[in-house]
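After this come two complexes, each holding chain A, first together with chain B and then together with chain C.
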Partner chain A sequence: MGVGLSHLSRVPARLALGFRMDLAFVLRSPALTIYYLAIDALLIPAVGGATFLLAERLAGIGPWSDWQVLFLLGYATTVEGILSAAFTYNVSHISRRIGRGQFDHLLVQPQPLWLTLVTEGFAPISGGAALVTGISIMAWAWTGLGLPLTIPWIAAFTVNLVSSVCVVLSTMFLWSVVAFWAPVAGEEISMNVHDALGSLGTFPLDGIGGAIGVGLVTVFPAGLVAWMPVRALVGVTTDPWGCLLTPAAAALIFTIAVPTFACGLRRYRQTGSSRYSTFGHRR
Partner chain B sequence: MFGFKVEALLDSPPLTPAPMGTMRSLHRYRETVWLASSGAAGEGFYTFLRYMIRFVRLLVLLAVWQVVFDSRDLAGVAVLGTVQTYTLVAGAFGTFLDARTDLGEAIWDGRIATWFVAPVPVLGHAIAVMIGRWVPVFGGFTVPVLLAAPLLGVDARPASLLAGMLFVPSLACSVSIGLAADLLLASLMVATGWSVWDMQRLRTAFGTLLTGAVIPLAFFPWGLGGALAWTPLAAMASAPLQIYTGDGNAWNLVAGQIVWVVLMGGASLAIWSRMRERLIGYGG
Partner chain C sequence: MIGEPAVVLTGVWKSYRQRERGSTPSEVLARLVRPRFRTIDALRGIDLTIGRGEVVAVAGPNGAGKSTAVKLLSGLLAPDRGTVRALGCDPVRDRVRYVARTGVCFGQRTELWWDHPVASSFDWKRVVWNIDRQDYARSLAVLTEMLGLADIWRTPARELSLGQKMRADLALALLPEPELVLLDEPTLGLDVLAKRQVLEFCRTINEARGVTIIVTSHDLTDLEALASRIVMVHKGEVAFDGPFSGLRATPGTGRRLRLRTDGLRPVLSGARFLETRDGAHDYSYDPSVTSLPALLAEAEAQTAVLDVETHRPPIDDVIAGLYERWRAT
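Coming up: the complex of A and B.
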C-alpha cells in the first residue's frame, strides 16, 4: 500500500469533517457537552494539583519558582488537551482497538492508515476544554514569569509542545504493540501507560538521579511530557541546547515506535484478531 | 424486580443469635473474596506494571521532598524524615486509604442486575469483592514497600507503639468513609445518569488531592489545609497518616473520624436505599 504521502492534501478536509461532526454532536446535546467540558476543564489540570499547591505554599520547588511550576502544570495540561482534542475515540488508546479486534475498522477504509490515525480522532469542541484550560494556565504563568514573546521563543515552544505530544503518542503506540500478541492482556496497556505518563509528568524531576532518572526520560519518558521542555523554556536550565533535547528524544522515540508498530501490524495482517472465537464469542 | 425483594429480605435483621449469625454471614462471602483475590492476582502483567508505576511515583515523591527540604528552610514547618514516612506509608497503603468498590461500574455495565439476585446483600457483595482485590495488593505492594523502606532511606516505623495501634482502627474508619463516599457517588450516578468514568475521575482527582494522600495538609497554601482538616476528606487519608507519624492528637483525630463514619455512613445508606429503587440496569 505504501506510505501514500500524496494523500497529505486530504488532511485539512478530513479535519474539517471531524470538526463538523463534533459540532453536530455538541449541538445535538448541549447540556451533555457542557457537562463533559466542565469535567475535563476541572479534572485534567487537577492531576498536577498537588505539585501546584506545594509550589504555591513554598514559593517554588527546588530550583523552580511557583510561576515556573504553574507553567509546567499548564504545559502538561495543554499536552493532555491536544491528545484529548485531536486523538480521541481510542486513537491514542490504540491498544483497545487492537485488543478488541477493531483495528479492521481502520484497515478497511479507502485511505492510508496514517491518514486515518491522524484525522479520525479530531474532536476539537467536545475534547477541547483541557486545551483551553492548559493554554489559559500557561498564559497566566507567562505573564507572571515575564518571558519574552520573541519569534525564537515561540518557535522553541511550538516545537517542544509538538514533540511532547509526539512522545506521549509514540510511547502509547510502542507499548500497545503488546496487544498484537496478547490482545486480552494488552487491551488496556495504553491507558496504564497514559495514566503513568500523566501522573508523573507534572512533577519537577530535578532530584531524581540514577537509573530511575534516566528511565524517566528514555524507556518511560514521563520527564519529556513537561519537565524537560519546560525547564528549558522558562529558564530553569541555562543549557543552550536544552530546547532541542525533547525534540531530539521525540524523533528517536518516534523512529523506534513506527517500525515496532509496523512489525505488530504485519502480524495482525497475517493472523487477524484472536480476541474472538470461531463462534464469535469474545475471549 | 424480584431481585429487589430478595435483597430487602436478606437485609433484614438476622433472627439467629448474633455471634453465630455474624459468622455465618461472613462465611457466605468467603468464596467471593477468594474469587476476587485470585482474579486480581491473575492479572500478572498488568499488576506488575501498575505496582512498578506506583513504586516509581513513590520514588519521585520522596525525591521531590528531598529537593524541597534541601532548597527551603522548613525548620518550623516539618521534619524531612516525618514527611518521608508520611509519603511512604501513604503510598504503601494508598489502595486502602482510597477504598472503593465496583458498585459504580456494576451500575454502569449492568452487572448490578445479577448482584441483586445473588443470595447475599448487594453492599456486602461489593465489599467482599473489594476486600478480595486488596489481598494481592497488600502482599504484592504494601508489605514489600514497607520492607524496602530502609533501602530508600526512610524509617517506616510508626511514631510510637500507641500510634501503631491506633493506626489500625483509624484505617478502618478511613475505609468506612471511603465506602460511604463510594455509595454517595453511586447514588449520584443513579440520580443523574452521569458516567462511571466521570465519577471515578472526580474522586481520583479531587479525592486523592484534597485528602492529604499526596501531600500533607500542613503544606497546603492559603489556609486550605486547616479548613480541609474539618472535612471527611481529611478523615480519609490525612488522619490515619498523621496518627502513624505522630503528628497531632491521635485521640482527637480518631474521634473526628468516628463522627464522620456515623454521619456519612448514615447519610449514604439512607440515600442509597432511595436511589436503588430508581436503578435501571441495561448491560449485555
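Coming up: the complex of A and C.
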C-alpha cells in the first residue's frame, strides 16, 4: 500500500470533525470543562515551576537570564499544549491502542494510517488549556527579553516549535513500538518516556556535559523539547546554525521512527492482538 | 452457492509462537538461559469459498481458529502461508480499498466513541468513511427504523446496555452499506429479545441487499434460523462445511426419544439413557441403527408406556456432542 497522499484533501474535513466532536464533548458540562481546563492550565506549567523559582532566586541559571528561563518554560508548555490539542492521548500514547488490542479499530478505517494518526487526536478545545498558557508565558517572556519580532525570527521560532513537537511525537512512537512485542509493558514505558520528556524538557541543560549531555539530545532527546531550540531563539548561543539543530534532529528522529513503527506494524500483521502472544494485551 | 465468490481462502495457515514460562524460580531461570517456545497452529491449511449473498456461520470450540479466520478476512492479520481473497482484494495489501466495502463488528469490543452520544459516532463514521450525505441519510433512516436507534440516539455510549451497544455497533458497521459483513460473536451476552432483533436485522439486509454475512457465534440455535451454511472449525481445520441439516445427519448425532411410563424406567439396548425429568425418561438413539418401533416394543415389554415423543436434538446438543467426540479423539 502506498502512502496515499491523494487522501491529503480529506485532512480539513477530519479536523473539522475533531473540532465538532471536541466542542460537543466540552459543552456537555461547561462547569466541569472550565474546572478541567483550569487545572490543566495550572498543572502543566507547574512542571517547570521549580526551574523558574530557582532562576528567579538566583537571577538566572548559568548563562540563562530569568526571562530566558521563563521563555524556555513557555516554549516547553506550548510544545506540550500542541501535543494535547492536536495529538490527544490515544495518538501520542499510541502504545495504549496497541497494548489494549484496539489497534484493530484503526486498521478497519478506509484511510491510510498516517491520516488517522494525524487527525484522530485533534481536540483543540479540551486540550487547548496548556497551549494558551504556554503562549501566554512565552509572550510575557518575549516582552521582558525585548526580542525583535522579525520575519526570520518568527520563521525560526515556528520551524523549531514544529520540530520540537515532531521530536516528542517521534520519540513517543519509537518507544511505543515496544508495545507490538510486549503490549502492557510498552504502554507503561511510553507513559514514563512522556513524563521524563516533559519534566527534563523544562531544564536548561547547559551544565550537563559528556555522554549524558550528548545522550539528552540524541538517544533520549529531552534537550530538543525546549532547551536546544530556545538557546538559539533567545540568544543564549550565538551559533548561527543553532536554529537548524532541532529541525535537523527532528528530521532524523522522524526518519528513524517511521520505518521502526512500520516494522512493529508488520509484526502486528503477524500476531495481531491474539491471546497467544508471549506478553499479552490488556483486556 | 450464489454467484461469484465473495471470499476465497486457499491453503491458509496461521501459526502463533508463544514463549513457555516457568512457574518456579528455577524454571524461570532455566528458561531465561534456554527459552522454550510452543507453536499454536490456529489455522492449518484451510480452504474455503463463500459465495456472494451467502450467510455463513463459523463455529467451533474455543481456540478452534474462528477469530483468527475473521481477523484474516478483516485485513488485520496476514496469513503465514496460502492466500486470502475477499471481494477480489487482498485484505492486507489492498486494505484501504477493501475495508471501505466491508463492515466489521466485534461483539466484545465497541467502535462507538465512549464519551459521546451515539449520534456523534455516526457523524464520525460518515466523515471517515467519506459517505455522501444523501446516502448517509438514506442508510441511517433504514438502520434507525430496523434497529430502533431513535431511543438511544442521544445517549452516551458508556451508558448503553449491552444489547443497545450491540445494536448501535451493528448499525455503525452497516452504515456504509458494505458488501461483506463480518460479525464476531455479535450476540454475546445479549438477552433473547436483543438477540432476535440483531439476527432478524441480519436476515433482512441479506435478503434485501444480498449482503454476504460471515458470523461466528456460540449461539447456534439462533444462527440455524439465519445461516444457510455452517462451517465447523476444529483444531485449525474445517471439520464440517454444509447446511445445518447435514450437520444433524452426521453419524452419532441421533434423535431424542421421551417416554412417559407408569414409573419404571425401561432399559433400552438400542438407545442411550439421558435423564429422567418430571416422570419422563429421555433417551438418545441413532435412527440409522435402531428403529423407533423396535425401541417402543422393547420399552412396552418392560412397563406400560403412557406417552411417546420424538424430536431432533437442539443444534447446541449436536455441536456439544461433536465437541465431545473431537476432544476424545
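In the analysis below, the second predicted complex is superposed on the first by the 272 of 283 C-alpha atoms of A that agree within 3 Å, B and C clash if a C-alpha of one lies under 4 Å from a C-alpha of the other, contacts with A are read in each partner's own complex, and residues count from 1 in each chain.
In the analysis below, contacts are C-beta pairs under 8 Å (C-beta built on N, C-alpha and C of every residue); 3 or more make two chains touch, one makes a residue touch a chain.
The structure displayed is predicted, hence computed values, not measured ones.
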{"item": "Partners on chain A (chain B, chain C) - clash or fit", "value": "fit"}
{"item": "Touching partner for A:Q111 - first (chain B), second (chain C), both, neither", "value": "second"}
{"item": "Partner chain in contact with A:R14 - chain B first, chain C second, else both or neither", "value": "second"}
{"item": "Chain B versus chain C as contact partner of A:F203, first or second or both or neither", "value": "first"}
{"item": "Partner chain in contact with A:A155 - chain B first, chain C second, else both or neither", "value": "neither"}
{"item": "Dominant toucher of chain A (residue count), chain B or chain C", "value": "B"}
{"item": "Which superposed partner A:R269 touches (first chain B, second chain C, both, neither)", "value": "second"}
{"item": "Spatial angle chain C-chain A-chain B, Cα centroids [nearest 10 degrees]", "value": "90"}
{"item": "First (chain B), second (chain C), both or neither touched by A:F25", "value": "second"}
{"item": "First (chain B), second (chain C), both or neither touched by A:V219", "value": "neither"}
{"item": "Minimum C-alpha separation between chain B and chain C after superposing on chain A, in Å", "value": "12"}
{"item": "Partner chain A, residues of chain C touching it in the complex", "value": "16, 18-19, 40, 42, 67-68, 71, 74-78, 80, 92-97, 99-100, 102, 104, 106, 109, 111, 113, 115-117, 120, 123-124, 127-130"}
{"item": "Of chain B, residues touching chain A in the complex", "value": "43, 45-46, 49-50, 53, 56-57, 59-61, 63-64, 66-68, 70-72, 74, 194, 198, 201-202, 205-206, 209, 214-215, 219-222, 224"}
{"item": "For the chain A and chain C complex, residues of the former touching the latter", "value": "1, 4, 10, 13-14, 17, 20-21, 24-25, 101-102, 104-105, 107-112, 269-272, 274, 276-278"}
{"item": "Residues on chain A engaged by chain B in the complex (per definition of touch)", "value": "35, 39, 42-43, 46-47, 49-50, 53-54, 56-63, 182, 185-186, 188-189, 192, 195-196, 199-200, 203-208, 212, 215-216, 220"}
